[in-house]
Structure formats: structure tokens, C-alpha cells
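Below are two complexes that have subunit A in common, paired first with subunit B and then with subunit C.
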Partner chain A sequence: MKLTLDTFHKFQKEQAARLEGRKAITVCCGTSCRAKGGLDVASAIQTKLKDAGLDENAVELTQTGCHGWCEMGPIVTVEPEGTFYQQVKVEDADAIVASYTKGNAEEKLLYRDPTTRQRVASYHAIPFYAGQTRWALRNVGRVDPANINDSIARGSYVALNRALTSMTPEGVLNEVAEAKLRGRGGGGFDAGRKWRSAAKAPGFPKYIICNGDEGDPGAFMDRTIMEGDPHGVLEGMILAAFAVGSNQGYIYVRQEYPLAVEHLRQAIKDAHAMGLLGDNILGTEFSFDVRIARGGGAFVCGESSALMRSIEGKVGEPRAKYVHATDKGLNDKPTVLNNVETYVNVPLIVEKGSQWFANTGTDKSKGTKAFSVVGKVLHSGLIEVPMGTTLRELIFDIAGGIPGKNRQFKAVQTGGPSGGCLPEKMLDLPVDFDSLADNGSMMGSGGLIVMDDRNCIVDVARYFVHFLVEESCGKCVPCREGLRHLLDVLERITQGKGKMSDLDTIERLCDVLENGSLCALGKSAANPVRSTLRYFRKEYEEHINEHFCKAGVCPALCTYKINDQCTGCTLCAKVCPTHCISGSRKEKHVIDQAKCIQCGSCFDVCNFNAIDILGSNG
Partner chain B sequence: MATNINLDDILTRYPEEEASLIEILHDIQAAHRHLPRETMKTVAEYTGVPLSRVTAVATFYSAFSFEPKGETVIKICMGTACHVKGANLIKGEAERKLGIKAGQTTKDGKFTLEVVNCVGACAMAPLVIQNEQYYGKFKPVDLDKLLRTGE
Partner chain C sequence: MIELTIDGKRVQARKGEHLLAIARREGVEIPTLCHHEAVEPSGACRMCMVEVTRPDWEGWSKLVTACNFPAEEDLIVRTRTDKVMQTRKEILELLIARTPGSQLIAEMAREYGLDHPTLTVGELSEKCILCDICTRVCQNLVTGAISRINRGVEKEVNTPFAEVSDVCIGCLACAKSCPTDAIEFKQVGLERTIWGRTFDLVPCTQCGAPTLPKEQAEWLSERTGMKVEEYFVCVKCKAAQTARTYENIAW
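What follows is the complex of A and B.
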């Protein structure tokens, strides 16, 4: 059935009414929950519902996208009550259905608040969710991404219908410009300005591209949105196409995200069938189609000009930016390229107005931002908050702080390989596009990797440079050769062969990278190194002068020894991958230094502080 | 192994143009677990791209490989979240236990060891993927079990 401007409104109301009071059990089937057996949980619940004589009219079983609290997966919710079950196993299906038929909640599967020790029944009362403002993630975890009616019921395509009924392309452009929407991929460029340039540029066809090549390691906002709310992404792109005057769009997705590709393909097919995509959208003169292009596992293709070469079927090498994509982008035609999260915000702006959007956020960064808060935090997952929320609120209030009673916060890495590491004293910075950049890092696409005192800061710098050496496309010399030299120096330091003059060499190489590289990959490659040197210089000096990696990470610069606090519990011997810990039960154990690989597994499991990290000479 | 998949079936899914090249290579790689060199000439003719450029694309992107992969592919995620939780140690142990470096295949063709730059399942870090199965919160000691099941 193809919808038109006239029939859409009625259809949407019907679907919304259906969803309003529906009884449903939802199972999260995002990538993490799937990996933990989410699909099996769903089919087990399905079977039990059938056994209990409950058909789909009595209760719907829905597979949704990611709820963002991946630590707690697989997640099951019961609606309309909003009951939230966590870490559900196949064996729990019986109990879930049994308590559903009795109309109560299965106590033991509810989240238990670690401070109050109380079970929390409802989704919205859990601190992890209560502290969030979910705009970009509004439908993720709420709809079945394979069912377009669910998305329409939750308001997808309402903004499109509105734009095509009562707005001009110029009107849509103005709303986006006045909302001061900035690109969520990391650059933070004004979306309204970009769209206007492309709209004005001569040349046809014009292209709309969605950058779903989420390459920053540690970031998975875009994956979650593409998997969980593909119609939100499509609607944003269609609105952009309407505003700019484009008929063809592309979504460039990382090949590492197979589920995102599958859900986007389904969404495109469904939107076609309903007349929301393709020729004569909603019965109007406006036509727009979207194709999917899969990436090839090259980080540099997240850079806009390289991405466009890749869609053309070429090697993904960037080009100099004096030619703007809005004039000559894909196939040398005017092109708008934005990130997934940017597009998903557009329908909200068109539906609720630029003023409403701009009321949230900071002076220069409006709206909300989704972050993936991962690493050494209690509640890893996706967290969306208004721009201007502090790092401390994100990491400690919502994500629960650092796990492990003896561990301490050391640094938070933001912005992926283009960003930097910020120390504890920066935790009260409000996070937006500009504040982090002023302090040597950047907000980037939204990955926040939290580190504790068991992470070595020199090793983290070495990690990012190694990553970039592998991913540099090799087109320009400063990036290709500069990064190799930088890696050499950093490796020397982590191997205990560093000199104090190396720190000056690092600074000089960073200057060359920043000033001489062709694209953002090389230009920003210095950030992870510079920021660690700026805030953690002492740790570099310890590596060089004392041959000591106190985090116990650099194998050449640390030894693990068991002290007299050892009770002989044998736990360390069990987790040692090289089986180099020996000793009888209830007696002090010993590490065979010849076989020890300094992995620290023993240190991490010891409950008695019986393992010391010492310098390379013991 | 699915080596009997017809190349024409793959080619006809896409228009005869340069923009189809990467999608075609993806499908060939998925069907054969590598890019058989003899197929490249046909791909070049179909897309109208010179063979040299097809080779350039096939070697530029890490998703493609001219070498056949092992029966079991073990991928170690090296994303930042996995790194801070010890992915490097897992990689080192896997290399030691299999006697190969990341990117290589064991002589008997049983195992290929690969590293991947983040699969976006960071809440489960550190992560190891065996064929398409994800194993989260992985410890170096878990490798013994994983390598046994792969045999």
C-alpha cells in the first residue's frame, strides 16, 4: 500500500493507537545482546507464550534494536508497564511468561541498585536511563527495526509528511540552519550552511550521503542507530534531499556492521513499498532513492573525500579540501555528506521546530549528543545527554564510575584517534564541540574510553599511533612517514630504550604531522600523543628515567611479584595463561619470572593485595 | 566450501560500472573466503576498470584478501575499549599458541588469525570473534578452550 499526503495522517494515527496500549514483551536483539544469546531468549519466550496459550493478539513479542546498556544484556522489557529485565537467559523464559500471566514482575531479573540494594522495576527509574535525554536514540530499543509500522507509530515520517504538505525546500533549510544543527561525526560543521551551499551550487544530479563508516575505535552510536532506527536515518536523508534538491542518496556503512546493512536494506525496501522512498514520495512530484555502499575496512574512508572515492569504486584516498564537496563531491557533483546521528536529528527539528531544538544545549552546540562510554566503567553503554553535560556526570553519575574497589580514574580518551586523553582535573568540563578542543582533545563522534590506574598512558599513545600507521592511506609523506617515526620513538620508550631528548623529537614530529598532512587523519594524529605528553609527562619520564611502568602494562618495564599477604587461595594460578604461578593451597605462591609475560591477570583477580608491580629490575 | 558459486550470478546483481566494483569484490570474498586471482580479469572487464586498478582496490581495503583463509577465522578486536582491557595480551597469546602472526594462516589451513579495528561491541570488551560468534569479556586463558572447539 502506497501512502499519500492525504492518507498518511490517518494511517499514522491508527498505528500510534495500536502501539499506545499494546501489550508486548520486547527482546533486545542489537549486536551485543545477540552475541549474548538475545535471539535464543526471544525464541524461548515465544515458545513459552505459545505454551501458555497467549497468541499475538494477547501479547506481541517484538525484537528491538539496542537499549544501549549493553553491559546488562540480553535485555527484555514488558510493555506498557516498562518492566526492565536484565541479563536474561534462555532458562528465564518460563519465569518471565509465568509472571506476565500473573500480572507481576519477576523479581530476580530486575536491576538491583548497587547503593540502595533495592530492585528497580521500571526502565525510567534506573539511574542509567533517568539521567539521559534520548533524542537521536528516541526510537532505538523502542521499535522493531524490521517493522515500518512500528516506526510510523512512533512518529517516523511525520516530519516528512509535514514538510511535503506545508513547507518549501527553503523552509526546511531555514529550520535546520536556525536550529544550529552541527555535524555529529566529529567535525561539528554547521549543517544548515552545508546544505545551503549544495542547494545553491550549479550542477545536477546532487547527492545526499550518509556517513555510517563509524571508524573511531570505541564508538558505536551510529551502529546502534542504523541497526535500531533505520527509518529515522532514512527520513533525515529524505528531508535533506528535499531541502537541497537531490534525487539520489547513498548510505556508506562499515562492512564490520553486517546487522546495520541488513536492517537498512529492509528499511529501504519497506519505505519503497509504502511510497515513502523512490518515485513520487507520498504522491508528490518529489522523488528520491537511497543505495547502500559497503566500506572495505579502511579507517581513512570515514574522511569525506575518501568516502566519496570509495563509493565511486575507487581506492579511498582523500583529496585536498580547497574544493568543497558541496560544489564537487561524489562524481564531481554537488554533495551533502553528514553523519548518521546528524540525519536522525533532522526529523525532530522539522517536526518540533528549530526553537525547540535550540533551547537545549550550550551557546554554540545545540541539542543532545550520544556517547559510547566504555572501558573501565561500571555501566558501559550508550548514553545520550544534552550538550554541555560534564564528563564527570557522564562517567560517574550515569555510567557508574570505575569498577574495582582499589582502582582509580586516570584519564578519559575522547574523539578516537583524532582526540586526546584528559586527566581527572578536566572532568568538570562541559562537553560540547568547542570546550574539549580548547583543551587538546575533541568531542569527536562521541566515543569516551575511560582508563584507570592499570592503563599505561604511553602505551595508549603508542596504540593510537600504531592504529594510524596501519590506517594511513600513504598518499602524503608527512602522515605516512611521520607516523612511522613517531611509532618508533614511542615503542623505544615502552621498551625501556627511551632518552629524554625523545620527548622533543615527539613534539617536532607532531608539528610536522599537524602542519603538513593532507587530510584530517594526519592533521589530528598528533592529538593523542600531544595530550598525553601535556597531562601525563611524568609517566613518560618514569618510563625513560626509572625504567618503570607503574601501571604494569609495558612488559619490559615491570615485574609482578607475590608478597607475604598471599593466602594461597590459588586464584592467580588458575587465571595465568602461561601457567607460571606455582604453590600449594594455603601457602604463598611464586611467579616463575622466566615464563611470566607480564599480563597482570594475577594482579587483577587477587583479593588480598598480594601482588606487587615492580620496576624491570624487580 | 562454496567455491561453486557462479561468478556471473554475482556480477549480474550490479550494474556494469565502476561504482559496482567494491560491492562485487565483497560478494566474491564472501563466496570464496578470498578473491581468486583468476576472477579479477572478468571483474575488470565487467566494470570497465583496468585490471591494475581492480588490483589496487583489492589490496587497499583490508576486507579483501588474495590468500584463502583457514577453516576457522579468529578475529581479535583491537578497538580502544578492547585495548585498555588487554586485547594486546590476547593477541600475543594467540600468536604464541598458534605459532603464527596476526594476518597469517596455520600451515594445516585450520586457523587464520586476524585483528579487527573495533566491531562496535565495546561494552563486551575485550572481544574475540570466532567465525561469526562473538565472545565477550575474553581472558587470555580462555584461548585454550576456543582453540580446542575450533579443531
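What follows is the complex of A and C.
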């Protein structure tokens, strides 16, 4: 059935009414929950519902996208109550259905608050979710991504219908510009300005590209959105096409996201069938189609100019952006390229108005931002908050802070390999594009890696540089050669062969990377090194002068020794992978230094602070 | 036409013309390694960096590559600022470390006062600076037999999968355009070997000296409309032929 401007409204109301107050059990079938058996849980619950004589009119079983709290998966919710079950196993299906028929919740599967030790009945009362403002993630985990009617029921394509009924392309452009929407992919460029340039540029055809080549280690916001709300992405792109005057779009999805591709393909097919995509959208003169282009596994293809070369079938290498993509992009035609999260915000702006959108956020960064918070936090996962929320609120209030009773927060890396490491004193920094950049980091696409005092800062810098050495395309000299030498110096320092003059070499190499590189990969590659050197210089100096890695990470620069606090509990001896800890029960244990590989397992399990980390010579 | 300033001098140019072309026309020297007149600029070597600003940028400036930066009205270009010179010097140090055996790089480095490079030096036999001239020449002007393969530090110029290419015509355009003589080829008698493939050189129809591979002659013939055989005359004989033709013309 193809919808038109006239019939869309009625259809949408019908679908919304169907969803309103509907009884449903939802099972998260995002990538992570699938890996933990989500699909099996879904079919087990389905069978049990059938056994209990409950058909789909009584209760619907919905397979949704990711809830963004993957360590709790597989996640099952009961709607409309919002009951939240965590770490559900196939064996739990019986109990879930049984308590459903009785109209109560299955206690033992509910989330237990770590401080109050109380079970929390509803989704909305869990601090991890209650502290969030989910705009970009509004439909993720709430709809079945393979069912377009679900998405329409929750408001997808309402903005499109509105735009095609009562707005001009210029009108849509103005809304986006006045909302001050900035690109969520990293740079934070003004989307309205970008669209306007492309709209004005001469040339035909014009292209709309969605960048779904999310490559930062530990980042998965875009994957979650593409998997869980593909129609939100499509609608954003269609609105962009309408504003700019484009008829062809591409979604560039990285090779590693097969489920995103599957769901996007289904969404494109369904949108076609309903007249929301393709020729004469909603019966109007406006036509726009979208194709999926799959990446080949190169980080650099997330860089816009390399991404366009890749779609053209050429080697994915960046080129100078002195002529903007809005004038000469894909196939040398005017092109708008934005990130997944940017597009998914557009329908909200068109539907609710730029004023509504711009009321949230800071002066120069409007709206919300989704972060994938990973590393040494109690609750890792996707967290969407208004721009301007402080790092402290994000990491401690929502993500639950640092796990482990003796561990201390050390640093947070924002923006992936292009961002920087910020220390404790920066925790009250509001998270927005400008504050992070002013302090030597960047927003990036929203990766947030939290580190504690067991992370070595030099090793972290070395890790990111190593990642970039492997991912540099190798076209320009500073990035290809400079990074290789930077890695060389950092490796020397972590192996205890560093000299103080190495720190000057690092600064010099960072300068040439920043000033000389062709694209943003190289220009920002110095950030992790620069920021760690700026905020943790002492740790570099300890590595070089004292041969001491106080985090106990660099094997050449640390020794583990058991002190007199040892109670002889034998726990350390049990976890030691090389069996180099000896001692009788209730007596002080000893580490055989000749066999110790400095893995730190003993330190991490000791409950009595009985293990010291000392320098390489004890 | 527009007007801009290069090192304090007002010059005229076409809008969008690349800064390097304008500078060279005006006699301003800017070093390059990956630039070649026959192909589009690539911006890979970064040696041609210059500092640009505009009156309305309120003192802000940026480094850009002259080879592909388009000229615009009132642009102020400075080709030898401290930042420019320092960046070029660092790039040369990186290149010396990569190709310690290259004379060209060593000479350029001396010009920039780089007497004591400190970075760890690579293999002496490495000559390729990955300037991409050979691959651009081959892809845009010849048959596209070679390209850049792998990425990052593993990057190299080679035929696809490093296998013997069946589209190479043995023309040597790659080797001849290389600024550091990094592409090896061998020519003995009537045999020429390049990229692992050996071509038979057709002997000159007049003196028997080697001319060019049959594959190259066929490729040229397709594009020029000349007969393939017309290419099988060596340079010396061709010159002699031309001289005779002129002799026979009655002045």
C-alpha cells in the first residue's frame, strides 16, 4: 500500500493507537544481546506464550534494537509497565511468562541497585536510564526495526509528511539552520550551513551521504541507531534531500556491521513499498532513493573525502578539502555528507521546531549527544545526555563511577584516537564541541573511554598511536612516516629505553603531524599524545628517569611484591597464571620474580592491599 | 582575473588557479616532490606548504599545499615563514629516515639546514618516497598497470597483487617520471624487464637497434592512427630519415 499526503495522517493515527497501551514483551535483539542468546530467549518466550494460550492479540512479542546497556543483556521488557529484566536466559522464559499471566514481575530478574541493594521494577526508575535524555535514541529499543508500522506508530515520517505538506525546501533548511544543529560525526560543523552551500551549488545530480563508518575503538552509537531505528536515519536523509534538492543518497556502512546492513535494507524496502522512498514520495513530485555502500574495513574511510572515493570504487584515500564537498563531492557533484546521529536528529527538528531543539544544550552546541561510555566504569553502555552535561555527571552519576573499592579515576579519553585524555581536574567540564576542543581533546563521534589508576598513561598513548599507524592510509608523509616514529619513541619509553630528549622529539613529531598532514586523521593524531604529555608529564618522566610504571602495566618497568599486610588467604596464588606465588595458608606469600610476567592479576584480586607495585629494580 | 599577494608582491591570476603555478610563473621558488606537470596534483609530499591568510581573517592563518590550493581574490600567500620552513624541514627529516640512500632528498635536506637528522634511519636500499607520480602517470596517461597497494607504512607501489601485469606495455613512463629513480628496470639487447615482466623490443627496421615493445607500439597506434610498423624505427634512423626528407625539399 502506497501512502500519500492525504492518507498518511490517518494511517499514522491508527498505528499510534495500536501501540498505545499495547501489551508487549520486548526482547533486545541488538548485536550484543544476540551474541548472548537474545534470539533464543525471544523464541523461548514465544513458545511459552503459546503454551499459556496467549496469542498476539493478547500480548505481542517484539524483537527490538539495542537498549544500550549491553553488559545487562539479553534485556527483556514488559510494556506498558516498563518492567526491566536483565541477563535473561532461555530457562527464564517460563518464569517471565508465568509472572506475566499473574500480572506481577519476576523479582530475581529485576535490576538490583548496587548501593541500595533494592530491586528496581521499572526501566524509568533505573539511574542509568533516568539520567538520560534520549532524542537520537528515541526509538532504539522501543520499536521492532524490521517493522515499519512500529516506527510510524512512534512518529517516524510525521516530520516528512509535515515538510511535504506545508514546508518549502528553504523552510526545512531554515529550521535546521536555526536549530544550530552541528554534525555529530566529530568536527561539529554547522549542518544548516553545509546544506545551504550544497543547495546553492550548481551541478546535477546532488548527493546525500550518511556516514555510518563508525571506526573509533569502543564507539557504537551509530551502529545502535542504524540497527535499532533505521527509519529515523532514512527520514533524516529524505528531509535533507528535500532541503538540498537531491534525488540520490548513499548510506556508507562499515564492513563489521552486518546487522545494520540487514535492517537498513529491510527499512529501505519497506519505505519503498509504502511510498515513503523512491519515485513520487507520498504522492508528490519529490523523488529520492537510497543505496547502501559497504566499507572495506578501513578506519580512514570514515573521513569524508576518503569515504566518497570509496563509494566511487577508488582507493579510499582522502584528498584536500580546499574545494568543499558541497561543491565537488561524490563524482565531483555537490554532496552533503553527515553522520548517522546528525540525520536522526533532523526529523525531531522539523517536527517540533528549531526553537524546541535549541532550548536544550549550551550556547553553541544544541540538542543532545549520545556517548558510548566504556572502560573502567560500573555501567558501560550508550548514554545520551543534553550538551553541556559535565563529564562527572556522565561518568559518576549515570555510568556509576569507577568499579573496584580501591580504584581511583585517572583520565577519560574523549573522541577516540583523534581526541585527548582529560584528567580528574577537568571532570566538571561541560561536554560540548568547544569546551573539549579548548582543552586539547575533541567531541569526536562520542566514544568515551574511562581509565583508572591501573591504566598506564604512556601505554594508552602508545595504544592509540599504534592504532593510527595501522589505520593511516599512507598517502601523505607526515602521517605515514611521522606516526611510525612517534610509535617508535613511545615504545622505547614503555620498554624503559627512553631518554628525556625523547619528549622533545614527541613534541616535534606532533607539530609536523598537526601542521603538515593532509586530512583530519593525521592532523588530530597528535591529540592523544599531546594531551597525555600535557596533563600527565610526570608519569612520562617516571618511566624515563625512575624506570617506574606506577600503574603496573609496562612489564619492563614494574615489579610486584607482597608486603606484610598479607594474610595468607592464597587468593593471589590461585589466580596467578604462571604459578609463581608460593606460601602456606595464613602465612605471608612470596612472588618468584624470575617467573613473574607482571600481569597484575594478583594485585587486582588482593583484598588486603598486600601487593605493592614497585619500579623495575624493586 | 583576480589579484593576490605572494611574498609581498601583488600578482594577477585566474580565479581557482593553483598557487604553485602562479608562484612559478612569478619566479617564486616553492619546493615540490610529488608534483608533475602531466598529472593532477595529489598533495602527498607536503613539501610545497605555504602559509595563507586574508585581510578578513583577523590575523588567523593556515598552512596549505600550494600545488592544489585554489587562488582567490586578496589572498595573502607567504612561502618562507618560520612555520613553513620548519614543517618542510621536518618532512625532509622523515623522508631521510625513510630513504637514507636518496641523493635528491639528502640535497634538499642540506638546503634546509638539516645537518644532523635524529630519527631512526630505515633501509639504505629504499628509494621510493611514495610521491605517487608513477601511479598517477600510469593511471591517467597510460594503462593503469600499477597502483598503490596496502596502506600506511606498508604502502608500496606495485602491480595488482604484485603479480605480472597483463596491461603493462613496458613504456617506462613510471621509471622515467620517478624523482628518486626508485623504479628498477633492466634493458639488455632486445629485452626490457620491468615489474617482473620481460618485453621483446622490436629491432629497428633500418639498423636493427632496439626500438620499443610491440605492446607499446600497438597501444600508441590505436590512439594516433599511425601504423604499428611506423613505430619500429629507432630514434637515430628517424632523425636521419627526417634530415633526408628536408634535403629533398627544393627551397
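In the analysis below, the second predicted complex is superposed on the first by the 582 of 618 C-alpha atoms of A that agree within 3 Å, B and C clash if a C-alpha of one lies under 4 Å from a C-alpha of the other, contacts with A are read in each partner's own complex, and residues count from 1 in each chain.
Going forward, a contact is a pair of C-beta atoms (placed from the backbone, for glycine too) under 8 Å apart; a residue touches a chain by one contact, two chains touch by 3 or more.
Because the structure is a prediction, the values reported are computed rather than measured.
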item	value
Which superposed partner A:469 touches (first subunit B, second subunit C, both, neither)	second
Which of subunit B and subunit C A:315 touches, first, second, both or neither	both
Partner chain in contact with A:296 - subunit B first, subunit C second, else both or neither	first
Contacts of A:505 with subunit B and subunit C, given as first, second, both or neither	second
Touching partner for A:585 - first (subunit B), second (subunit C), both, neither	neither
Which superposed partner A:477 touches (first subunit B, second subunit C, both, neither)	second
Partner chain(s) touched by A:518 [first = subunit B, second = subunit C, both, neither]	second
Comparing the two partners subunit B and subunit C, which touches a greater set of residues in subunit A	B
Which superposed partner A:374 touches (first subunit B, second subunit C, both, neither)	first
Residues of subunit A contacting subunit B in one complex and subunit C in the other	298, 315, 470-471, 473
Residues of subunit B defined as touching subunit A within the complex	17-23, 25-26, 47, 49, 53, 56-57, 60-64, 78-86, 89, 92-93, 116-125, 133-136, 139-141, 143
Touching residues (chain side subunit A, partner subunit C) in the complex	298, 300, 315, 317, 319-320, 322-323, 469-478, 480-485, 488, 505, 508-509, 511-512, 515-518
Residue numbers on subunit C that touch subunit A, as the complex places them	42-46, 49, 63-65, 68-70, 83, 86-87, 90-91, 94-95, 97-98, 118-120, 129-130, 132, 147-148, 150-155
Residue ranges of subunit A in contact with subunit B within the complex	31-32, 34-36, 70-71, 73, 214-220, 223-224, 255-257, 293-299, 310-316, 372, 374-376, 380-381, 413, 416, 447, 449, 451, 455, 460, 463-464, 467, 470-471, 473, 574-577, 597, 599-601
